[in-house]
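Two complexes are shown next, each including chain A; its partner changes from chain B in the first to chain C in the second.
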Partner chain A sequence: MDTKEVKNTRKFKDYEFFRSPDSQYFLLPFRFHRINAQKEVLVNEVGDFLIVPAGTASRIVNREISEKEEIYHDLHANFFISTEAVPPLIDVLATRYRTKKSFLDEFTALHIFVVTLRCNHSCHYCQVSRVSENKKDFDISLENLMAGIHHMFRSPAKSITMEFQGGEPLLAFDEVKFAVETATELNKVYKKQITFVICTNSTIFTDEILDFCKQYDILISTSLDGPEFLHNANRPKTGIPSYELVIAGINKARSVLGHEKVSALMTTTSMSLDFPTEIIDAYIENGFSNIFLRPISPYGFALKNPKKNKYETDRYLDFYRKGLNYILELNNKGHFFVEDYTTILLRKILTPFPVNYVDLQSPAGLINSVIVYNYDGFVYATDESRMIAENLDFTFRLGHVKDDYKNIFYGEKAKFLSQYWSNECLAGCADCGFQNYCGADPVFHYSAQGDFEGHRPTSDFCKKNMEIISNLFELIDQNGSEFLPIFYSWINNKPRF
Partner chain B sequence: MNISFDDSVIKIDVDKEIYSLTVLHKCFYWYTGKYSLDICALDSTYLITISDVTTAEEKDALIQKIRKDLIDFKTREIISIETKNIRDLLIAKAFAHEDTFEEDPPPGISDPLGFDPTSIK
Partner chain C sequence: MIQLKAKGIAQNITYSIVAEVVSLPGKDEVHCYAPDINDKIIIASELFESPHFIGIMGITNINHLEVGDIVLIHPNGMVYTLFRKNSSHNSLFITDRCNSNCLMCSQPPKNVDDLDYYYHINSRLIDMIPPTTRELGITGGEPTLLGQRFIELLSHITRKLPNTEVHVLTNGRSFAWKNIPKAIFDVNNPRIVFGIPLYSDYHLLHDYIVQAKNAYFQTLLGFHNMARYGLRLELRIVLHRQTYKRLSMLAKFIFKNLPFVEHVAFMGLEYTGYTPKNGELLWIEPDEYSNELEESVLFLDSMGMNVSIYNLQLCILRPSLWKFARKSISDWKRDYLSQCQQCLLLNECGGVFATSKKHSEHIKAITS
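And then the complex of A and B:
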């Protein structure tokens, strides 16, 4: 017998002394998804990922990963496996899990007030049944507005957003003014951080309106669908064409409020699908440094014009990919320009923090993050919910603004919807490798499939997100050194150069 | 696993000892968008019938994909079973300080010794 082996001293032991003899390890919760024939991505319970050769998940489970392999240490360091049944750092992991779900702490932070249905445009993709400019019956009453503001202040969120929508909300400027002034006055007591946003087509800015916006630090969110021919085709109006007025409005608002206070959103119609680069160029020409390549929402009145507003998800994905590749090219050439939807996903993939984007949350954003006070006094779970209601389907109506706060936010309807708002519990999502980055959207699935839970194999929501997320992992895997610096510059909203 | 193909229908016999019904349901759920499916329990196997397979090429590609998917979903089942307790512990720890359970005080006055304290004068 070798006496050296049995002699027990207090000297420091080398690594081999502590190594478990047969590379046994315990599994920690994780999911995986094959991104192509060669690679799969492993994602742990807090959203950390590893891109590994296909078949690695199976090897992990079959305890075929040896300590001598580099991947063993990656798996161990990233909480995919543990040498102990309960990892010593489980509290760290629990804190990270809690951080990912910390958007729940704030509860309803976005309060949308639909102050009027009146509008001066007649966009074919508009989801609501807009009415002509002079029908004041479609404005919210001050009484209902006041009741909505009181609900808003009941929210536990320290930071809240008060967003005005329509129709065209500035056609009911008196109501907007009343709401902003009242909320500001009441906030002397509640002391919340309030962000005011007006979603406007920017065609009716007056000096009075913009001075008011400046006084209360109001953000402007406008609609710009791309170059002139496309914007005017998507957003027709009588009299002077929309594009000319919108660009003039954007410039006027910027000159009074500051460049960064004005943002724009585009909607992808069937016609837009052929012009991804032209749309991006139009945004750049008009001084924007970001774009949200946003598909059309299959809700309400938008469905009444399927030729212009309905298209296959594959066509949208092709449009998105062309647009993203063009934007990546621009960034590679040193022009900082951001695609917003990609950035939302990247923030979920590459940072430990949650993202307050209501369409990609689990539990879903409805009620948990957003609530809508409609012009008629009824309260809806999301903006899309009130669009469905325009077709006389009141499934997502939570009550009337004069109802008790608890009955609206914690009532029977809210409890019913809660059955379908966590993707951890939905068929197809429960085992999905991308569960951490995606969300549950019962309103979308109810509208598109007539089913709150949704059928994932035929869901456009699922197909779109699976393809986009998978594409991002492929980009990171194939050329991470080129794309990751760009992606981080988007997440941090800071140009690289 | 025995596989047969006849008249646009694929029939797959899967050993019950190897694949659970849960794995089969989770795996073949993803095929329900395109195909008509049936899962039937026999003595020692499950028989999966997939209809509407139009060409031999489609059949070959489908079978190859099913083989991969079955292994993937079996792997997911093992992970899920092995990590259930640690996942529960993790989530419980994550939200432990949010435990705001409040028990209402018992109604009226009672006494564990059995006499009615309200009768004491």
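And then the complex of A and C:
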């Protein structure tokens, strides 16, 4: 070759050569939580975690970790410590943080339209419905509906969800139809990705309704509380019992719209708490591959019926754990079945991606991700907010649908609520090990504790999430090789076999 | 192993000339055309006496050359094959220089001033490579040491070979400086993929393996800067005694911090170059790291990432990993051992490196 060797300095250096002479390390922001007597979880600023022996956080802070220990390598690789005051990869960490919070970029994406309060059921846990024939008093006016649709299109989100709730929204099918057609027409200009969802009890599907749903690719979200005896007890209805009608409705909707277009949500009641496996079995029997084991909310009418509905968080947690264990067993046997709440948490714990779930995020979902246009024309911060309003408490009423967009979404009320919607700034949350995985819920705390900020030691919201998250870390720690592959399959919604 | 060079006696060749094989008039004669001199160059076994002969004579073994191949004809009588028409494993060799000095480098770097020399050759070569070529590698040494001319080279390829998939092997350290990813972005060629190695999630271990301080930080910033410009990235991990222990931690690190890479390749060791010198530090029987490899590959796959295993034979991989094994060894250095001849999966297997001075003791025929 027309080249000449310049100088040979390519002698190999040993590992020691690369070690910095100064073994001092700097701390990056992290939090920790002891999950049992032996173990604690360390969580960094972007939600990466390490499960370590109890006492490790203290050793880290007291600079007792040596570079020769494997844990030092784990801590450095996972952004817990740095050999420089400003870590060389701080831009990487910043990108990670921005990614985790990028659900905020879209602002309000979920627009809930309460088209009527009328319902053909009288569920005791329902906070809002009326069994009434008086359309004029309980259906949304076309004028208000139109105003809400215009607000929806003002949202900067490229993908929006237009969700119809009630009461039973299909009792006001004309309004639903008007709204979907109007939004579709207007969207020729706005060009957003719109997902339509109808939250219905599935008992009044006519061919006309389902044909319409098919035409506009509308998703059906229905209520199914479990096996027949439980569903019918939870969801009383005059005439033909609800369960029979719901199952017939689900199957009819599936046959017209396709299996995957119909999903179900369960509401947990005091009675449900004794039947976790029966509820799950009912979901499986009816062809579902997921369930959301969610607790009932302490809003609206629910507060008026404390005997029937006031259940203890401990009982719920026991119910959840039994249900989760049962579901994990099913998965272990090769049956792909997902628990939705666990999956939401696992996405937060095990992936670097943002998780769009309005009920567990910080800043909270209210206004940032969801808005409710009520049947009477008033606009509320969340679905729960309008339920509180049914008790004549209008704390979370942001204004009227005919108000300016700016006054609703950026008004005084929104500003006031913003003080309480970030768990990074709430007492008890600011230094919590699970802060990254949890959220702020000023509506819940106002409702349950009379305080927007909330009192963590006595908060059911806090207790529930702390226990559930802690339990997940224990599962990962004690039997990760068995459970993690299941968890990964849930996160990616992809059966393993 | 396929032959890529031959030696004879040069006549009237005063500098290195890039030429294309245009005809094979006889068994021992090859005619080439060199655009640089707009003339014919002959490569032949015969010894010509004419003073007007331009080419290489008295060369014994030239049967490997085919019409359409591109060769480099050197004044010292060497004929190097630069491009083989019937191969999908062609690469531009940019330099022998490197700013790293990896313990297991299969092609050890040299401290030579060869950037101009190869740049000149590659510039000619790019003009001569047929535009129908499907794949082209760019390798070294460290190609980005070309600096601004690296960008010019990519632009040149983009102009001349717009339909060719380009794969650049680089340590990615240069990309820590944002102006370089920006300049590559401006080349605007969506067919270029950058294959960048990351050997550990722990900075000192990576630095030690590549024998360069701060290489870990530079490579990671490089990945991120490249991703910022939407450039296409592949991550490569070489499996050996220094990398296997933290392999599953590295897999999780990749998913958390580099989920934007479009491909992760776990690569078996090529036992040549520096590797035999560092054999004790590096060699490990693949079955000793099969737990770590399986966990890492299945994890990344379950998280939806695109994963491959290179250079490892099916008989030493767990069947759960077979679907990730690729025939990665370039055709010109792919080989099979004697025991492989009875193997039922011979055709599916990528074989071994003909260049490797050592193979796993567990390579055996799969007969049922």
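FYI, the second predicted complex is superposed on the first by the 477 of 497 C-alpha atoms of A that agree within 3 Å, B and C clash if a C-alpha of one lies under 4 Å from a C-alpha of the other, contacts with A are read in each partner's own complex, and residues count from 1 in each chain.
The rule we apply is simple: a residue touches a chain if its C-beta (ideal position, glycine included) is under 8 Å from a C-beta of that chain, and two chains touch if they have at least 3 such contacts.
This is a predicted model, so every value here is computed, not measured.
Engineer: Between chain B and chain C, whom does A:L142 touch in the aligned arrangement: first, second, both, or neither?
Structural biologist: The answer is neither, since A:L142 touches no partner chain.
Engineer: Identify the partner contact of A:Y488: answer first if only chain B is touched, second if only chain C is, both if each is, neither if none is.
Structural biologist: Only chain C; A:Y488 stays clear of chain B.
Engineer: Output check: A:P352 vs chain B and chain C. Expected answer is one of first, second, both, neither. What do you get?
Structural biologist: Touch status of A:P352: second partner only.
Engineer: If you stack the two complexes on chain A, which partner ends up touching A:F30: first (chain B), second (chain C), both, or neither?
Structural biologist: first
Engineer: For A:D74, decide between first (touching chain B), second (touching chain C), both and neither.
Structural biologist: Touch status of A:D74: second partner only.
Engineer: Between chain B (first) and chain C (second), which does A:D48 come into contact with in this model arrangement: first, second, both, or neither?
Structural biologist: So A:D48 only meets chain C here.
Engineer: Looking at A:R98 after the superposition, I want to know if it touches chain B, chain C, both of them or none. Which is it: first, second, both, neither?
Structural biologist: After superposition on chain A, A:R98 lies in contact with chain B alone.
Engineer: Looking at chain A, which partner touches more of its residues: chain C or chain B?
Structural biologist: C
Engineer: Can you pull the chain A residues that chain B and chain C both touch?
Structural biologist: 91, 95
Engineer: Inside the complex, what are the residues of chain A that reach chain B?
Structural biologist: Those residues of chain A that touch chain B are 26-32, 34, 45, 57-58, 61, 85-87, 90-91, 93-95, 97-98, 101, 427-428, 431, 455-458.
Engineer: Which chain C residues qualify as touching chain A in the complex?
Structural biologist: On the chain C side, the touching residues are 15-16, 96, 101, 103, 108-114, 117, 201-205, 207-208, 211, 213-214, 217, 220-221, 224, 246, 249, 253, 255-257, 259, 278, 298-299, 302-304.
Engineer: Quick one: in the complex, what on chain A touches chain C?
Structural biologist: Residues 1-10, 12-15, 17-19, 48, 67, 73-74, 76-78, 88-89, 91-92, 95-96, 351-353, 485, 488-489, 491-492, 494, 496.
Engineer: Can you tell me which positions in chain B touch chain A when the two form their complex?
Structural biologist: Against chain A, the touching part of chain B is residues 26, 29-34, 68, 71-73, 75-76, 78-80, 82-83, 86-87, 89-91, 93-95.
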